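Shared between the two complexes below is chain A, which pairs with chain B and chain C, respectively.
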Partner chain A sequence: MSRATMNIAAARVASPRLSHLSWLLLALALAVGFGLPGVVASVLVLTLLTQAVIGGMLAVGVGFLIRQNGVVSFGHAAWYGVSAYCLGLLLRHDVLSVELALVLALAVPTLTAFLLGLVIVRVPGVAFSMLTLAIGQAFHEFAMKAQGVTNGDDGFAIPLPDTLFGLPISTVQQPETMFVLCWSLLALVVFGLYVTVRSPFGRLTEAIRENEERARFIGYRTVLPRAATYAISAFVAALAGLLFALYNGFVSPEVLHWSLSGSALIMAVIGGSRLLWGPALGAVIFFFLKDLAGNMTEHWPAMIGATVIVVTVLMPAGIAGTLAELFERLRKAGGRA
Partner chain B sequence: MTGSAYAIEGTALTRPYGGFLAVNKVDIAVPHGEIRGLIGPNGAGKSTLIDVLSGRAAVWSGQVRMDGRDIGALGAQERRRQGMARSFQKTNIFPELSVREQLDIAARKAEKPNVEEVMDELGLSELGAARARDIAYGEQRRLDLALALIGRPRVLLLDEPAAGLSMRESLGLATLLRDLAQRWKVTVLLVEHDMEVVFSICDRITVLQLGRVLAEGTPDEIRRSADVVTAYLGSAA
Partner chain C sequence: MANALLIQILNGLVYGGLLFIVSVGLVLIFGLRRVVNFAHGSLFMIGAYVGFSISLVAGFWAGVVGAAVVLAVAGALLDVSVFRPLRRQDPIATVLVTFGLLLILEDLANTVWGKETHSLPLPEMLAGSVEILGQPFPTYRLLVIAVAAAVGIGLALWLRFSRVGLFVRASSVDPVTTAVQGVNTDRVSALVVAVGTALAGLSGTIAAPLLALSPSMGGSILIESFIVVVVGGLGSFSGALIAALAIGQIHNLGIIYVPWAATMVPFLLMVAVLVWRPTGFAGSHV
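Here is the complex of A and B:
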């Protein structure tokens, strides 16, 4: 690679300002979200897309953690589920207005993740992953065993009010409208994370991911930024959990189970976490593949597994990452021509 | 700064490594503005001593002082805030970040950010936008040093900064270090295997052997020391 090409490539990575293209892409993403229900006639497909977008948001949280902290969480369902349970319990006991309950349902998992993060981000690699798995399963066990609070394995229906922020509650329970809401929030989340990774905080966490020791020797405490990154990724997972709870009006220990964390991780691997929207793409592929394979055989998880193997071997950067690399190569080839 | 005559000082420093004492009751005191060389055969304890002084390795026993103040309990970040910086034996940079990005990150922790100055001094100005992993090895070594020089540290601990460089690059680095140390009034403790570099820029040299101080003196005194010649330098010195 010539020095000039290298400089251009790196300068693009380095630029901290948001380009007009970023804003344009956000507007385009929002427009697609608003337009899609008018194009897709099938309620089944819209239901699937809504689930995929909610799952995608959880996967985006997992992917953000991989991208910024360089670690894998096997327990992000904890923040997804805690958020859903918080909303459910607050509404069930009629403690707060639904709007305040929503805020609290986001704040509780985020803050809890931050405090736990202060401890667990000190642990490297696989040990960190195991701790996240343990935390997730601890919440799952609590939901299963605390019958008096959570109704155990059976879960409970969330008594949603008639209106939410002045809109009829059906807005969040019909796929036509819920898809638009979820998609818009996903677009805003990805955009927010994009702004975060390009900020000085984002650059610092990347530096810490790259070389934590060097970061300490240039004067940084590294635990706090890593814990903050963990909390941000938990916030995204919590938002997904909140949307799930509103959409389904029901919560059970399934939302805390490790298999959900595993699915989110698979989505992130299929899509790739180098690009912030990669895990969301992975989620769409995951849900449609699951639906398609599920109609053909009861052994659909084997097909998901085979897909993960193929993607991991042939496209280590994930589908989105590979597409981005291809686009980059074509752009460079175009520049040379 | 306190009234201490020494910028960096270690007293009776002891630190085990594996099953033996890599640093064994070492006393070292470097006056302000001096360039001190630290030499010795492989396994003499040079890098471990630098690690102990910089906070990378905990002090087992003994004291570390900077400007007379005990800094033994301070972490690497706090020592950096006190004005101590270091480079590493193996290139220790942020490979995926651009040269400019990582120097900017380092500058955010400096009282007086001097990114342009450091890039200019180390010949990195043309490489600002280049990703660190893509630049040549010699440039990466300079970047490693640049990260340490951001904020004009008062004490600079360098662990083999010329490792892997060509003779021309090594001598260029030596001249640059001498020049910067004088102009910026930096106290330097330099571990280096390249004797030409050490003897050309150091005011004094400390020789370690098996974790202990074998000798200390000016480059001429070290050259003439029979103990050092026998233990380390050989007849070529």
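Here is the complex of A and C:
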């Protein structure tokens, strides 16, 4: 047996079937999503939760890249924003049906990210972070400068149609229903990423993350899987941007600005990216803290900056990771007793 | 026509020179510490404000010197409190911590100097213009070019002939072997980081009369200097010089001849260089 086939065989052995528990958790998550608007009476809280879930989706994309490729993106707002602009521009010029526009708004950023990924994933470590920051800002610059197309700094309102897949458009604009949609999609995305991570492809990207040179020596191509991982994380960011565009019905260069990329990264760091849902938890914490801080102080940026430093130094696994470790320790202690 | 072009090339040199002073600070720190300071742009911004405040009281030159000194002290503190404790961790940890610092520094500037923009007035001696081949050119811009040249030459000599310079060069080639040879990186790094941040502060003050001061001014310079060091090769002194000068020219000529694409050109150049050489055109040595 050649070395390559042995590795494929090993990879197959190493990817066990999904447990019943993971299906159960998905069902539970979906049920919670459908139940929550009935329990949470306050529209304000529900609005905040919807924003948090959309932000959480973006953060999950960023976290997935950290987890699988071991690199930190400072430019994921690019894919979020390109998706939002794609939808906006296609509808504004009335070239396609809204359903097709939705598909294109996901496909364009994902494919662009894949092609760009083929170039940039070869750049290692910290340089990758610098590069993504610069590239993300290039999209922002373009949206600002190409006034004829994007209306520059002012942005534009997206002319949404009256119905979407047969449902009234208010479905995606009222927090009660939009929350359920966003939450369900987030649950499905996290589940999809979970399946990806456990597949042979997921194992391969982890091997490359740990030691790229060694993976190459055993005969794997290493650029393609990493570019694919980058494209997947861009797809998740694009989905978040699409939801944002539908919910707000408006796009401006703000959705491409690097401070949004930074916020998404902060959410991923606070939540922790070792667990796929960690960044989403980080997002909920981020939005509620921000809301809370907004009433008390003007120093939200300094507060969040200090939080990032504290979490990075004292809690590198993030809140979700630390919770998981704690849970693991409790279970072990319980088993011994 | 040729004269007008010369003026434009000089303008490009002004911008390229400023970019060089900012970027070379990043290069020095990366050369020794193997980390990238995401708060470097914010230190540029703080430098501009400190220079502005001092110059209101004690004049322009005191502002320039004062900003460099204050930022050097801040740099030494940064090394002791951030870079040194995190040196055994993944460089990403330093990136995240300095990113947190960036947010804090912007908030600080907002609190101390307010959201409204300020501008730094020039001393009368420098406010005029000189004639170059029959075209007027602001004296102050010539001064910026001269300062950038002085910084470049001074640093090159320092790196080439001093002991610390030798350590920085050695460490940028191979940090492990350098440590094995008995070089204590920690002992020189406070100095090197202080020089790097002092350059950020110096360039901030020097750039202040040409820009409007605002707490968010660090963002764009950070991104531009990242383009410079990624294109030039992380940790490469000569790479940063060439890349900064090239981007200065491209940026400036772009604004005149292809205004709609000018801001995009440096980004495209960066991607093009990376397709060709993923580590930048000079690799990663100082």
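Here is the rule we go by: the second predicted complex is superposed on the first by the 322 of 337 C-alpha atoms of A that agree within 3 Å, B and C clash if a C-alpha of one lies under 4 Å from a C-alpha of the other, contacts with A are read in each partner's own complex, and residues count from 1 in each chain.
The rule is short, and it goes like this: a contact is a pair of C-beta atoms (placed from the backbone, for glycine too) under 8 Å apart; a residue touches a chain by one contact, two chains touch by 3 or more.
Since this is a predicted model, take the numbers as computed values, not measurements.
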Chain B versus chain C as contact partner of A:329, first or second or both or neither: neither
First (chain B), second (chain C), both or neither touched by A:216: first
Partner contacting more residues of chain A (chain B vs chain C): C
First, second, both or neither for A:119, with chain B first and chain C second: second
Contact residues common to both interfaces of chain A (with chain B and with chain C): none
Chain B - residues contacting chain A, complex: 54, 56, 75-77, 80-81, 85-86, 88, 92-98, 100-102, 104-106, 108-110, 126-127, 129-131, 134, 147-148, 150
Chain A-touching residues of chain C, taken from the complex the two chains share: 35-36, 85-86, 89, 91-93, 95-97, 99-104, 106-108, 110-111, 219-220, 222-223, 226-227, 229-230, 234, 260, 263-264, 267, 270-271, 274-275, 278-279
Residue ranges of chain A touching chain B (in the complex, touch as defined): 1, 3, 6-11, 13-14, 200, 203-204, 206-207, 210-211, 213-221
Complex interface listing, chain A residues touching chain C: 72, 116, 119-120, 122-123, 125-127, 129-131, 133-135, 137-138, 141-142, 145-146, 258, 262, 265, 269, 299, 301-302, 304-309, 312-313, 316
